[in-house]
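Chain naming follows the written order as A, B and C, and within any one chain the residues start at number 1.
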Amino acid sequence: MTSSPIVKFDNVVKKFGDFTAVEKADFEIGRGEFLAIMGSSGCGKTTTLRMLAGLEDPTSGNIYLDGERVNGRATWDRDTPMVWQSLALFPFLTVQENVEFSLKMRGVAKAERAERARKWLDKMQITEFANRNIAQLSGGQRQRVALARALVTEPKILLLDEPLSALDAHLKVRMQAVLSNLQKDLGITFVYVTHSMSEAFSMADRVVIMSRGRIEQIGTPVEIYREPRNRFVAEFLGSANIFEATVEEEIAEGWKVIHEEGRAIIPASELPDAKTGDKITFIVSAENMQLSAPDSEQDGIEATVAGDEFVGGTAMIFLETASGKELKVQKSHEELSTLKRKAGSKLIVSWSAEHCHVLPDE
Amino acid sequence: MTKRPSLFSLVLALPLLVWQLAFFLFPLIFLVAISFWTVKMFQMQPDLNFGNWQRILTRGIFWDAYLHTMILAASASALTSAIAFPASYAISFKLSETAKRWLIFVLIIPFFTSYLVRVYSWQVFLTDAGIINTALGYIGLGPFAMLNNNFGTLVGMITLCLPLVILLQTFSLNFVNRDLIEAAHNLRCGRLRTVFAVIVPSARVGLVIAALFAFILSFGDFVSPLYLGGGNPPTLSIMITDITKSGQQWPRAAVVAIMMIATLMTVALGAITYAYKERGK
Amino acid sequence: MGNENRIINGWLMVHIALCLIFIFAPIAGSFVFSLNSDRFPSLPLGEFSFKWYRLIYEDPLVWAGLFNTVVVGLTVAVIATVLGFGGAYTDFRYNFFGKSIYLALALLPPTIPVVIMGLAMLAFLSRIHLSGSTISVIIAHGVMCSPFAMAIIRLRLSQMDPDLEAAAWNLGGNEWATLRHVIIPFTKPAIFAALFITMAVSFDEFAVAWFVSGLNETLPVKILGFLQGQVSPRINAIGSLSFLLSITLIVLAQLLLRNPEAEKK
């Protein structure tokens, strides 16, 4: 990504009356990048997308599209097509007429319109439905019509607002693959708004995590997963054990800290300029936690098994310490088979120092 | 967000606004104005004269008509509501969805038939030697005087209001939570008590609005009081048509009209306040 | 309890039937009387006859009235639907200061008694020298019918996916193009329904028309004239014919409003 970014948000703020929907959004999107904007409902992700599309005007700050400032430019004067959560297909038009719509709005002649629409119907493998009504299509077919309709002008950027949320789980996975391949094929920028971590992390090159109008972190899925910046992101990921601690003293292996459940060692690289008495928050990911039998010699926190949950090929064990803190441990089924565990049994939870990550923003 | 309205929005919003301002609101305001005008040599002249008000409001005949109109409209409203309720209740709670839809369609039809024709038809039914009295005569009853009295007027008014009241009542009953009725039955609340203790209070807003519409329609109606009630004593609407059609005393008719609007507004305000009043004591 | 239930339900059904008989007796009556030779129909009914239809057919004043009614009805339908469409879209799309006043002004006319509307219109229109003309009836009916058109079209707009319009803008259509290519096609059934229903309302309106029409009487005003004169079963013949016309319009409107729903599923 040596060329200039296709999108630049420069301190963008959006207010609806007293309510701040987006607070100081400041980021760039590269050409050909697949960017996911993720957060729970009301976090400002859709407003951010709508500002990019020109459906909302920022209250302050600037938005640049392909190097040009586009504040105040109507959506119909931008080429930022969007795929809607509701798909918003025109029920009174046929599939082909839906796909031709934006060409018609741009005054393209009838014959050329049909030809270009056909090309996209082919590409989305829905040519056979060209003359059908929207009502006669399945959910997956409608999705493809929506994509073809948005892409028919061959835009440099495509906006997607939770396009898969209406599909069932099975179809969702298939459409994720379709979208991923499509984006690589076309080489254009996708901006994808979703509340689903699995969608964002599996498709996107970079992910923007938002909460209450603020951008909490921007990074590749791996970066975010390994090094969440703050407690919100760590909690949002859902698999991290979070500890509040106070720095005690520096020893050979790093810093010794006191947390709610005991002592731990944090590698010096995680705390470059700490001093005794500093308050820190660190996390240990559930899959990096160890479980051992209560009679083993292992040093760690004693906790009671509260329950478990299957996550694919692994199990997530939930435990509770004497003080009531919940801990999560994720292990494969083989690893667990040697361990006696049922609800109520006591186990020792431990981890090695290299798996501790200090949240930089806390 | 105080944006200047776009040309687009003005083109869509303004025609209706201008039309209703010029041809609806302005004539009503004009009506208030001419109630202070004077008539000289059969010509209305702008003035600020309270003579018309004084003349109308001190006349016994006006107040007789006023009282008569109030009683007729209130009776029509109460009777229509009472007749409509069991039907609305049955439509809303006892009929299948298909039957319900058909009945609603059937009840819309009368709105598109001429009220005048229906009133004329009632004349034929109700006269002394008419169909109903002849039929009653076969079984040794009557004849009853059913025309040119309050009975006739009320028949006409109920004809006018009944379909609308049934429809409005049915819609409001459709919104009554069915679980509430189940609950009442489970609590051994009897059928009739369920109706009055649960259903009527839950649908109160709709029932009151329906009765209010019946009152407004009957209060303003001049056809039934004239052609079925005989026009004697006159109602306020008959007074307006008489005064207007028989000469240039429009300012006096305007006074009567304003009194009617004031009454309707008071009644509507009272009814709506009552309808939305907090439940409970 | 099940038994008692059945009896009560039976009575309720009888009550519905009685209500329907009461509502439809005058309508059915006027049909029967219109085909009856008697001037004062009673029991037993007189013989079947087209006399009254022939009389109205031969009456040039009835034809003139019909002509006025149709001219007024068609014009009013178009005006009221255009005004109502604008109002419905404004309510659907915009929030602005004084919106409730706008809506009140748009929707209140049907709650004002027709005599008062008639008097106010007469006084106002005669002041601007329009009373007694067909135009004055059109103006008055425009006021009275546009709320119906607005309500019908507003209802259709509320069935529209709120993203549909924004999607059209996003695909390059400006507001005018979107109005033409999305909003109007979507509301088309309601637009036609509004045309038919406002036409039907105008066809049957007599009171305000009577006040303001002067010599250019519409058919319902003609009926009022017959009613004021001596009893004449010609009213039944005219009434039956205009009923058939109105019902045709309503059924057309109903079919139009139903179609999109059937399409959906």
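One rule holds in what follows: a contact is a pair of C-beta atoms (placed from the backbone, for glycine too) under 8 Å apart; a residue touches a chain by one contact, two chains touch by 3 or more.
Heads up on the chains, UniProt names are A = ABC transporter ATP-binding protein; B, C = ABC transporter permease.
No experiment lies behind these values; they were computed from the predicted model shown.
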Topology of the chain contact graph, where touching chains are joined (line, ring, star, complete, other): line
Central subunit by CA centre of mass proxy: C
Inter-chain centre distance, chain B (ABC transporter permease) versus chain C (ABC transporter permease) - centres from mean C-alpha coordinates, in Å: 18
Inter-centroid spacing, chain C (ABC transporter permease) versus chain A (mean Cα positions, whole Å): 55
CA centroid of chain A to CA centroid of chain B (ABC transporter permease), Å: 60
Complex interface listing, chain C (ABC transporter permease) residues touching chain B (ABC transporter permease): 4, 8-9, 12-13, 15-16, 19-20, 22-27, 29-30, 33, 40-43, 82-87, 89-90, 93-94, 96, 102, 105-106, 108-109, 111-125, 127, 139-140, 142-143, 146, 150, 175-176, 179, 200-201, 204, 206-207, 211, 220, 223-224, 227, 231, 235-236, 238-240, 242-243, 246-247, 249-250, 254
Chain C (ABC transporter permease) residues touching chain A - in the complex, by the definition given at the top: 161, 163-164, 166-174, 177, 181-182, 185-186, 188, 263-265
Residues on chain B (ABC transporter permease) engaged by chain C (ABC transporter permease) in the complex (per definition of touch): 5-6, 8-9, 11-17, 19-21, 23-28, 30-31, 34, 83-84, 86-87, 89-91, 94, 103, 105-110, 112-125, 127, 129-131, 134-135, 138, 158-159, 162-163, 166, 191, 216, 219-223, 227, 237, 240-241, 244, 250, 253-254, 257, 260-261, 264
Touching residues (chain side chain A, partner chain C (ABC transporter permease)) in the complex: 53-55, 74-76, 79-82, 84-86, 88, 90-93, 101-102, 104-106, 133, 135, 149-150, 153
